[in-house]
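Two complexes follow with chain A in common, the first pairing it with chain B and the second with chain C.
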Partner chain A sequence: MSNLRTSAFVAALVLTAFLAASGDPYFMDIFILTCFFGTLAVCWNMMAGLTGLMSLGHPLFVGIGAYSVAWGASAHGLPPLVTWPLGIALSVAAAAVIGMLCFRYGLRGYFFAIATLAFNEVAFFAVSASVALGRSDGIILPTSPDDSPFHLQFFERWPYGLIIGTILIGVVSAGELLMRSRTGYYWRALRDNEEAAEALGVHARAYKLWCFMFTAGVAGLCGSFYANYVAFVDPRSVLGIDLSVQMLVYSIIGGMSLLWGPLVGAVILVPFSVVLRGITPIPGGDLIVYAVLLAVLALVLPQGIAGWFIARRQRRKIRRRGDEAPGVAS
Partner chain B sequence: MTPVLELRNVSKSFGGLQALSDVSFTVEAKEIFAIIGPNGAGKTTLFNCVAGAMAPTAGQIRLDGHRIDGRRPHEVCRRGLARTFQIVKPFRGMTVLENVKVAAFLHHRTARAAEAAAEAVLERIGMHDVAYVDAEELNVAQLRRLEIARALATRPKLLLLDEMLAGLTATEAAEMCDRIRQLPSEGIAVIVVEHSIPVISRLCPRAVVLTFGKVLLEGPTRDVIADPRTQEAYLGSAPS
Partner chain C sequence: MPGFHIRTLLTTLAGVTASISLAQAAPDPLKIGVLVPLTGATAADGERLLKAHELAAREINAAGGITALGGARVELVVADTQSKPETGRSEAERLISRRGVSAVLGAWASAVTIPSMQVAERYRTPFIVTSAVTDSITEQGLQFVFRVSPKGSWAARDVVGFIRYLRQKGIAITRVAIAYEDGPFGQAVSNGYKAILPRHGIAIVAEETFRTGSPDLSTQAAKLKASRADLVLIVCYVDDESVLLRALTAQRYKPLVLGYGGGHVHPTLLQLGPSVEGTFGIVEWMADVRKPATEQFVRAYEAAYGTAPLSNAAQAYAATWAVALAAEAAGSRDRIKLRNALRHLKVSEGPASLLPNDALAFDEHGQNHVGNVMSQVIDGRFVTVWPEAVASQPVKLPRERGQQASVSFAILLQAIVSGLANGAIYALVAVGLTLVFGVMRIVNFAHGEFLMIAMYAGYFAWALLGIDPILAIALVTPGLMLVGVLLHGTVVRFALDAPEINQMAVTLGLSLLLQHLALVFFTGDNLLVTQPRSTEGIALGPVVVQFNHLIAAGFSLLLLGLLALVLKRTDFGLVMRAVAQSRDGAALSGIDIGAVYRWAMAVGIGTLGVAGPLLVSILYVNPHVGALFTLKAFVIVIVGGLGSFKGAFVGALIVGLAESIAVTWLSASIAATVPFAILILILLMKPEGLMSLGGRS
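Right, the complex of A and B next:
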């Protein structure tokens, strides 16, 4: 259990928040959105912050998951038991193809970001033009008047909260286990210096592809959940660039150097933006306040909240070392 | 006995520029071998071809009898060749121990086993006292030692050291030479690229001189260094 300290802490936090929000659908909605964006941001940051691969194409995988569920349910009456694995499998397969192309030609940094963004935009316009996928109007999932657990349809919000809370805990636990294993060490080595990592026996292309596929699978899972939760998908909500920006903002504000950093960003910013939207009297006023908050956070904590924690810990460590044995690393 | 490294007519060109031309030599097991030559002679290009960072245009490179030319760096490393870099490349977001652990994972599946192996290497190289220090806090000498520690953690048969003494003080360089001298006794052959001729002559029994991408001379280091052609390669021909 000592190896899963972060996961245990996140699980306790999620459980407490879930219990606190379970009495009120409004707060439960905030809890669900926080867990949803928190999961997405954590998985996105495993690529960007911990492996050094800045993807702007992750909404594509959310979209694949969401559309698999929506199209499967509306056109063929398929239950989530079939469409969720299908959505995840298709997301992973799409990531494998895109990743192989990008890594085969050595795309890194901004070039990788632009390439993934391009794939996402192609999918956005293709779906917006596809009659079978409801064009830009989207797809409404068929609903039944009664609760249907088999089709993940519930009148109450809390079952959705339970599902996404479990997904978040699962993703953080899997992430923590991965980051402590050989895979995690290799990912971080690739982030810090790919040439040196390869010279130490790290198969750079394979490990980058594995990271891309893993995080795409998680994004596909989140997309599948979103389709069942909202019971409606359209290109703007699941394939739009806004989703990439949100993952980026939560990660930057939370801190990209730690697995749990983006979750902190989501926990602060998602409830804040939802509450702000409800209380701002002027239309668009919430966005202005939100933008000011982001600017202030970026100025005050340029390395993110997790980065601030790390810097504080390092300062303490250096001070302690200075007291014990001056000049150890001099 | 099969040489640990064998180069046969290795050439490398970049468009119209011939960086290496028909380079051939062998390195025996547990030998310290030097590659010397003036700036631009092709030493680092040769290192990159041997380590897999570049594919030679022509020729064969064999490590322990197995062809490695054109193989990717991680495959070459798995075959038993490790290298250090002229400009140090630590994993700055990790501690010293974690840096070495990355290399130790090549032969250990679990994090615990890799950590034990990494600790043993740090003990051997005299860096156990800074194991939990962040790599970005190290000074140049410590970073150079870290490069060697990481390379050793891959359990190499052959170690390529690219200008390991650059930026070190005389004392640090002497310590580093002592460490390098111990490596053959641990079953590791070493190829050294270095500019300091006195260091090369003390450290390496055999050397090859490269100039303009070609092998000028190969043989016992003292003879090679004393040869007027080597001095001409470094200093240019005397005005008549």
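Right, the complex of A and C next:
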């Protein structure tokens, strides 16, 4: 089990947090939001931080997942057992099409980011105009007064916490396994130098596409969860550009070079903004603090909090060993 | 680590709650949760709602609190929804489960209200919807949800009644057109119009849509004119309504106009003067509704805040009182008893009876049966003219209007001309972005926010100093250049060598920061520059161009020409181009890179000093207006080719034309996808952009 050390650590923390919050619906809500954004940020960062593909289009996949569930439930009474796999499948398929187009034409950096953003915006406006998907008004999921596990309807918050906690642990474990596999090394090689990697025989397009499809599937899964948890979806909340910004912020602040870095960002910032919102007298005070933190940390601590922490620990270890190694690349 | 943080939270929060409850003397207050948007796109509305809630709470407490609870005071526990559904939901959760409120009021927009009220329903806590209009809110059989505002579709019922009333007065209304904002609000209300009007024999001859924040609505205005409608029903926010009314006036088309909701009886609109005179608005409540409770409320509100209350303030006020009255009747803070008391509430006098129905009461679905009233602008003031029972003045009948039809081919021509004008304005915004990118390889996500600053500067120069926006350019541009230099010195300089994603994060953070600082300093209200020429149009054959748009387009050409000249013909331009082509090469040749970057930022941000004052005289300014342009500017510079002036201009014209032509056939939402579709095509076929000389980054 030594190659799942991070996952085991994350699982232990998630479980502890879950137990700590389980008595209180308000803390459970914070726990759920933290896990939700944490999972999204981790999966987004597998693209951006570990494979070097900056996507601004991941809300599209969250939206596909969320709308599959909402539309299936409201129009056809389909249970999550059907709509979740549907949402994930559609997200992966959409990513396959978009990815094939973008990678076929060699889009990178800002250009890839803006292209994915454009796809996202097209979806946003198309849904806003689509009568079947409730246009800008969105879809209210049908709710019954009683619990209905089959339709993922619970009065209590903790079952949702259990689900999203499991998803988070699952995604981190899958990510860790991938990172330690050949695929993970290829991804990082592509991030560091695509030409060199290709020259050494890495099929760049195929591996980038694989990363895009995998993370899109995770985003679709999160979207499905969101629809069942909030019981309401509309274009602004699941297809909006804000969601991209959130994934980016958690990753930058947490640390993009590590699989679990973005999780650190989400764990710090999600509860932080909830608490700040509860105590600041200035409207938007939490967003002001947030914005300053983002701009400053991106410059001062470019490797993120997790990256800084790891680098410091390594430096100490080296000093203790009295090693002569000339410093560690952060 | 999560466990640790949540523990800390727990103690902090418990501490805060404890200190608040210690400060209160016995008996325990009646806690009422208030969900309002204090940040985000609808912040201005949220502030107004909050004022009304607070006024009601003060009045209740001044009158001795809740007698049945031993004189308990009403304590409002306010939470900001940030205009986001999931924030509204978790704030509702917090109010109910942590702060122990007995009832929740809120939450402005339907998209935020719906998830919030579902939380309340789950916790068996009464939720009074103050202003959301989506019909389905009170059609789902929820047991704890009440609504003081009417259903959105009831507006259509009242419009039918009002049209009949006008017909009785001898005004011929046969052809009706709808123009609406293609978002949640406009779609919900116009759906009601489209379903109900034809059933009463009123034909809808045209349906025009637009996205909120469009700087030019001439095409829509021309199509409305071509439909020869006698009555145009408008559903949108006040910002877009001012743009549309100006466009209608510029087209020399004067139908009867009937706007919807708080947006139409907003004081901002009166700044339009003659364009708005005589127009009608259907609204839930007016300050001059003839009811004693209304008079009292208006007097108290004006004394407290110095401004007149709008319709949604009255709803918030009534909702707050309703909870107090229900608590009085129930003699309990218990949520279920409170719900039962709300069910049986019937208020026909006293402060809660200020809405325009006989008595505030909720039916078995929790809906208050209240109609709308009709306002008209008479002598530059909003007055209630219908229904006669509550009207403060009789309706002022319009004179006979001769309508001349415009030709249908003219519509396409109009679309092309206003698309070009729009494109020229977009170019003005995009050119700075492309310059900064070309030289420094930084994509500035806060570009739109600097435009917003320039627009505020242009507005205040006009409002405080009386300087015409055109002259204000000379004042604002140097200011913005200075801002550019400062920006370079304090932020951008340090971001240059960071990875792309960190650069993005820095500028994104800056954009968020500026938006929210503007919200703190200027509030979320729209500010409008109105001059005699803002409604003037110049007729070119069958086509009308608005005067201000023409001026802006002219300046855009001038500025682009000037910049191109500087770049091509001067040493300064040569140095810039050298750095753009190869930073290291230029540095080796002895060019001071830092100075060039400083100047590039100064010029790039400085161009917004030209754009801002011109744009504020066409559109309006609020803290979020910049975001509308940032995305558009991105599309434009990529379509044209990042870093190329000519590209920015061509890209802007393409985007302007595409939007404008698409909207003549498609709904505004679908039309809004067109520029992005073009962007995707360009990225795939020619990712370096149409006009770029160099390769991609």
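Structural remarks
What we mean here is this: the second predicted complex is superposed on the first by the 303 of 330 C-alpha atoms of A that agree within 3 Å, B and C clash if a C-alpha of one lies under 4 Å from a C-alpha of the other, contacts with A are read in each partner's own complex, and residues count from 1 in each chain.
Note that in this section a contact is a pair of C-beta atoms (placed from the backbone, for glycine too) under 8 Å apart; a residue touches a chain by one contact, two chains touch by 3 or more.
Just so we're clear, the structure is a prediction, and the values are computed from it rather than from any experiment.
With the C-alpha superposition on chain A as described, chain C and chain B fit side by side in the combined arrangement. Once the two complexes are overlaid on the shared chain, A:Q314 sits against chain B while remaining clear of chain C. When chain B and chain C are set side by side, the one touching more residues of chain A is C. Contacts of A:V249 after superposition: chain C is touched, whereas chain B is not reached. When the shared chain is aligned, chain C comes close enough to touch A:A21, but chain B does not.
Applying the stated contact rule after C-alpha superposition, one finds that A:E195 touches chain B and leaves chain C untouched. With both structures placed on the common chain, the touch criterion links A:A291 to chain C but leaves chain B unconnected. In the superposition on chain A, A:H203 makes contact with chain B only, while chain C stays out of contact range.
By the touch criterion defined above, A:A132 lies against neither chain B nor chain C after alignment on the C-alpha atoms of chain A. Shared-chain residue A:R182: touches chain B; no touch with chain C. Between chain B and chain C, an angle of 120 degrees opens at the CA centre of chain A in the superposed model, to the nearest 10.
Chain B and chain C never share a C-alpha pair closer than 14 Å once the two structures are laid over each other.
Residue overlap on chain A between the chain B contacts of one complex and the chain C contacts of the other is empty.
On the side of chain C, the complex with chain A involves touching residues 1-3, 5-7, 9-10, 12-13, 16, 38-39, 43, 46-47, 79-80, 82, 84-87, 89-91, 93-94, 97-98, 110-111, 114-115, 118, 122, 134, 136, 140, 143, 182-184, 187-188, 443, 491, 494-495, 498-506, 508-513, 516-517, 519-520, 631, 634-635, 638, 667, 669-670, 672-673, 676-677, 679-680, 683-685, 687, 696-697.
Chain contact summary for the complex, chain A toward chain B: residues 180-182, 185-186, 188-189, 191-193, 195-204, 257, 314, 328-330. Those residues of chain A that touch chain C in the shared complex are 13-14, 16-17, 20-21, 24-27, 29-31, 33-34, 48, 54, 101-102, 105-111, 113-115, 117-119, 121-122, 125-126, 128-129, 135-138, 140, 143, 145, 155, 226, 230-232, 234, 236-237, 241-242, 245, 248-249, 252, 256, 264, 267-268, 271, 274-275, 277-279, 282-284, 287-288, 290-296, 298-299, 302. Put simply, chain B touches chain A in their complex at residues 51, 53, 72-74, 77-78, 82-83, 85, 89-94, 98, 101-103, 105-106, 109, 111, 114, 129-130, 133-134, 137-139, 142, 150-151, 153-154.
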